[in-house]
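The structures considered in this document are given below.
What follows is a pair of complexes built around chain A, which joins chain B in one and chain C in the other.
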Partner chain A sequence: MSYTMWILLTASLVGINCGLVGTFLVLRKMSMLSDAISHSVLLGIVGAYMVSHHLQGVSMLVGALIVGLLTTFLVQWLHQKGVQNDAAIGVVFTCLFAIGVVLISLFADRVHLDVEHALMGEIAFVPWDVLEVGGKSIGPKAIWLLGFVLAINIFCIVFAYKEFKISSFDYEMAVTLGIPVVLIHYVLMGMLSLTTVASFDSVGAILVVAMLIVPSATAYLWTDRLSVMLICSALIGVLASMIGYMIATVFNVSISGAIAVSTGVIFFISLWIAPKHGLLRKWLKKSPA
Partner chain B sequence: MNPLVVEQMTVAYDRQLVLENVSFSVPEGKLVGVIGPNGAGKSTLMKAMLNFIPRMHGHVFVYGQPYEKQRHLVGYVPQRNSVDWDFPTNALDVVLMGRYGHIGLWKRPRKEDIDMAMQCLDKVGMLPYAKRQISQLSGGQQQRVFLARALAQDASIYFMDEPFVGVDAATEKAIVQLLNELKTRGKTVLVVHHDLQTVRDYFDYVLLLNKRVIAFGETESVFTYDHIQKTYGGKVTFLSSTHIVG
Partner chain C sequence: MNRMDINVQWVFTSTALLGLASGMIGTFALLKKQSLIGDAMAHAALPGICIAFLLYGQKSLLLFLIGATCSGYIATICIQFIVKHTRVKEDAAIGIVLSVFFGLGIVLLTWINQHEGGNQSGIHDFLFGKAASLTGSDVNVLTVTAVTVIIMILIFFKEFKIITFDRAFAQGIGIPVSLLNGVLMFLIVSVVVIGLQAVGVVLMSALLITPALAARYWTEKLEWMTLLAGGFGALSGVAGAYISLIAYAPTGPLVIIFATVLFIFSFLFAPKRGLCSKMIRRHIERKKLQSQQLMYKRGEQL
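After this line comes the complex of A and B, so read on.
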């Protein structure tokens, strides 16, 4: 496959992963938790490096998973102790992220990992960092990592579709029906952590938030069905990746930046023209025929 | 054995008592109105019985066993504004959620479940709206969807939090009909209710509540002028004698 194809595939996988997980975040009104986890997993990555002394896929996933769940738990705990939910999120992720930053600067001379890379990502380098089996290249590492996480995400959503649905729509009802709502919440946060860390390399921590929230918020405008919203959200992520990459090549700008801008543009266009919830439709409805 | 027994339940928010030593016992097949002023702890009572809010003291027994062991026997109809009606789903889907307890974890709804959900929609007159997105339903229709969901759950005891608030006359009638049907099927229903004028028509039993139980028993003997004055702190003056006894 060509260099361009690998990049498009990587970006599309990021878009699909983020679109699926992001849908539930938007519906559960937890968008800000994605901001929190996308930052705090940096600590997980550094932690994984300190333990395993390399920056390979699996240890990175495990590190991110641990810190991601820790973030969720701490936010919940502070909230129960009477701290406002948004303040709890603000306190926890900045602290964990800052520890990550301090640790990176401590190991800066020994490890290929810097804050800028973590925040912005560099998808342009993805095709050169290939996975080799028996001396033969089997494609970029990022693709394998993203593909593995996608399999987990799809499995969880398909397996627990109705549990995800009811605990997002009516939490109390779900509790009375004996649905393990706390487990579902932590599974979702685990999926979010894995998705974030797998997307890290390509689009970075800041832009992964855009990929998580914006396509899902856009899909929300287009459909009235959860299953359609999931697919729509994933497809919008892919579409934004394609458009973003084209813009980046034409104007010679940052690929991940251009992708995130594309998600925003698609959102604002949808906000106006979406058939059911668009502003244009609402405006037409209001004005006398 | 009474289906629902609450023993000495006390609930506090931030050390402030919201419910104090609440005890009552409801016989089977009765419609119970839970009556009291704003802030009397009516919703809190339901939420504490269902374990959404921790109790400081007290026990809830459902058919002789602690509630925790009998969860599946209790259906809950929350206040309409407790969920986001913009959620991407339709009326049938919401009613189907009532079946989730029967379907079991991680399994898909079967055809019987969908058939039953449709029947329940039909019972509340909402069958034509089965595929309608829930945000496009009126307040009364949304309430009926919630009731259909409770029906689909096929519980033995129901807790309903203000089902009559903000609904049209047709829906009010549909709810009353449904309550009576549940009663004839031997179900026990607790309803948080605001309209004092209709208490005598709708409920067999009343629980007059203002942080503690002011009175509990058959409407005939308990829903008296004195009790109501005591519950509302002497602020009720608009009731005519036809609506209350004594």
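After this line comes the complex of A and C, so read on.
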């Protein structure tokens, strides 16, 4: 496979992963938690490095999972203790991110991880960082990592589809039906942390937020069915990656930034032309025919 | 006095003033439940700064301030538009605007890197902040802006108080609510922008939220809360800058960590609303209740 194909495949896998998880975030009105986790995951990666002394896939996933769940737990706990939700999110993730940045700057000479890389990603280098088994290259590491996380995400969603659906749309009903809502919440946050860290290394923290929220919010404008919304947001994520990559190569700018911008453009277009919830249709309806 | 000392003085003055202004204005952002809008605006300022740089060709804090204010203001309008006209909720709208604007900023930043030569180090500091890189004219702009913001808060204090706590009442007595909301937004954007260079895009929102939240634990009065938040902000600014000077670590994160320590302390030990004092009070009440019940029981037995 060519260099371009690997990059497109990576970006598409990020798009699909984020689209699936992001759908539930948008429906549960927890979009800003993704912003929080995408920042605090940095601490998880630094922590994993300090414990294991290398930046390999598994230890990074574990570190991110721990810090991601810690972030969720702290936000929840502060909220229970009377701190309003937006402020709780704001305090927790900025503090964890700050600790991460300080740790990086203290170990800067030894860690191959600068904060800029973490924020902007280095998707352009993905194809060169290949996984070798028995001396034979079997494709970029990032692809395997993203594929692995995708398998987990699909498994969780298919396995507990009904539970996810009910608890996202009608929390009280889910509680009454005896669905373990707290467990579902933490499973979703676990999925979010894994998705974030797997995407993080190749596309950076900000793009993860764009990929999680924007395609899902766009899909939310197009459809009223959860299953359609899941597929739609994954497809929009892939489409945005393709367009973004093309823009980035033409103008020679940051790939992850261009992908974020193209998700925004797709959202903006959908805002007007979406069949049921688009603005054009609403205005046409209002004006007497 | 040699140059080093003057530079150190600049850093302390500017971080202290910045902390003071952001703590005070953050109080209103917090009470209006708009903490995360500050986060969105800090991210949205980046494309504005880049465009100002592209138009002017070199670093100038005043122009960056104007550019960032424009893009920050456009971002708030976008958020309000999405919330008002579509079924997308506020949290998602903030997330969309934040990430797309920041993505655009990154695109412009890489564009500048390639086309304007290596002379972008000034912009670069905006991502994570580097208080030590402040120059004399930067400090002037920062000082003037911070002082203006503080004076504006003092002038409009009563109006801001009313629109924060009772919007309908404010409208009823003829206060121009949407105009004042705009002023408040503008003040928040200005503080965010001058803070970018000292503490960086990502952590600027924390300087709005954390000191205000810490102050919330000590008092029920807005006047005291604003003052305390300003004090906490200034203290964190100075302490963070000091630690960063002796430890050679980035200023922004240290300022935020110090502010968070203040918050945790307030959260646990504030006299009335703190966690510990709540627990102690509950313990005392329970003891009281138990002894009362015991007395009732004895009364019945008699």
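Simple rule for what comes next: the second predicted complex is superposed on the first by the 289 of 289 C-alpha atoms of A that agree within 3 Å, B and C clash if a C-alpha of one lies under 4 Å from a C-alpha of the other, contacts with A are read in each partner's own complex, and residues count from 1 in each chain.
Just so it is clear, contacts are C-beta pairs under 8 Å (C-beta built on N, C-alpha and C of every residue); 3 or more make two chains touch, one makes a residue touch a chain.
Quick caveat: nothing in here was measured; it's all calculated off a predicted structure.
Touch criterion met: A:170 reaches chain B, while chain C stays clear of it.
In the superposition on chain A, contact is made by A:87 with chain C only, not with chain B. Applying the stated contact rule after C-alpha superposition, one finds that A:142 touches neither chain B nor chain C. Within the superposed three-chain model, A:39 lies in touch with chain C and out of touch with chain B [touch as defined at top]. In the superposed model, more residues of chain A are touched by C than by the other of chain B and chain C.
Looking at the shared chain after the overlay, A:264 reaches chain C, while chain B stays out of its contact range.
Legend: residue contacts after superposition of the two complexes on their common chain; A:30 is shown touching chain C, with no touch to chain B. Contacts of A:256 after superposition: chain C is touched, whereas chain B is not reached. Of the two partner chains placed by superposition, chain B and chain C are both touched by A:220. Contacts of chain A with chain B, set against its contacts with chain C after fitting on chain A, overlap at residues 29, 220. On the side of chain B, the complex with chain A involves touching residues 47, 50-52, 71-72, 74-76, 78, 82-84, 87-90, 93-94, 97, 100-101, 103, 105-106, 108-109, 133, 135, 149, 153. Residues 27, 29, 159-160, 162-163, 165-166, 168-170, 172-180, 220, 223-226, 228-229, 276 of chain A are the ones touching chain B in the complex. Within the complex formed with chain C, the residues of chain A that make contact are 26, 29-32, 34-35, 39, 78, 81-84, 86-87, 89-91, 94-95, 97-99, 101-102, 105-106, 115-116, 119-120, 206-207, 209-210, 212-214, 216-217, 220-221, 248, 251-254, 256-261, 263-264, 267, 271, 277, 279, 282. Residues 30, 33-36, 38-39, 43, 82, 85-89, 91-96, 98-100, 102-111, 114, 127-128, 202-203, 205-206, 209-210, 213, 249-250, 252-254, 256-257, 260, 263, 267, 273, 275 of chain C touch chain A in their complex.
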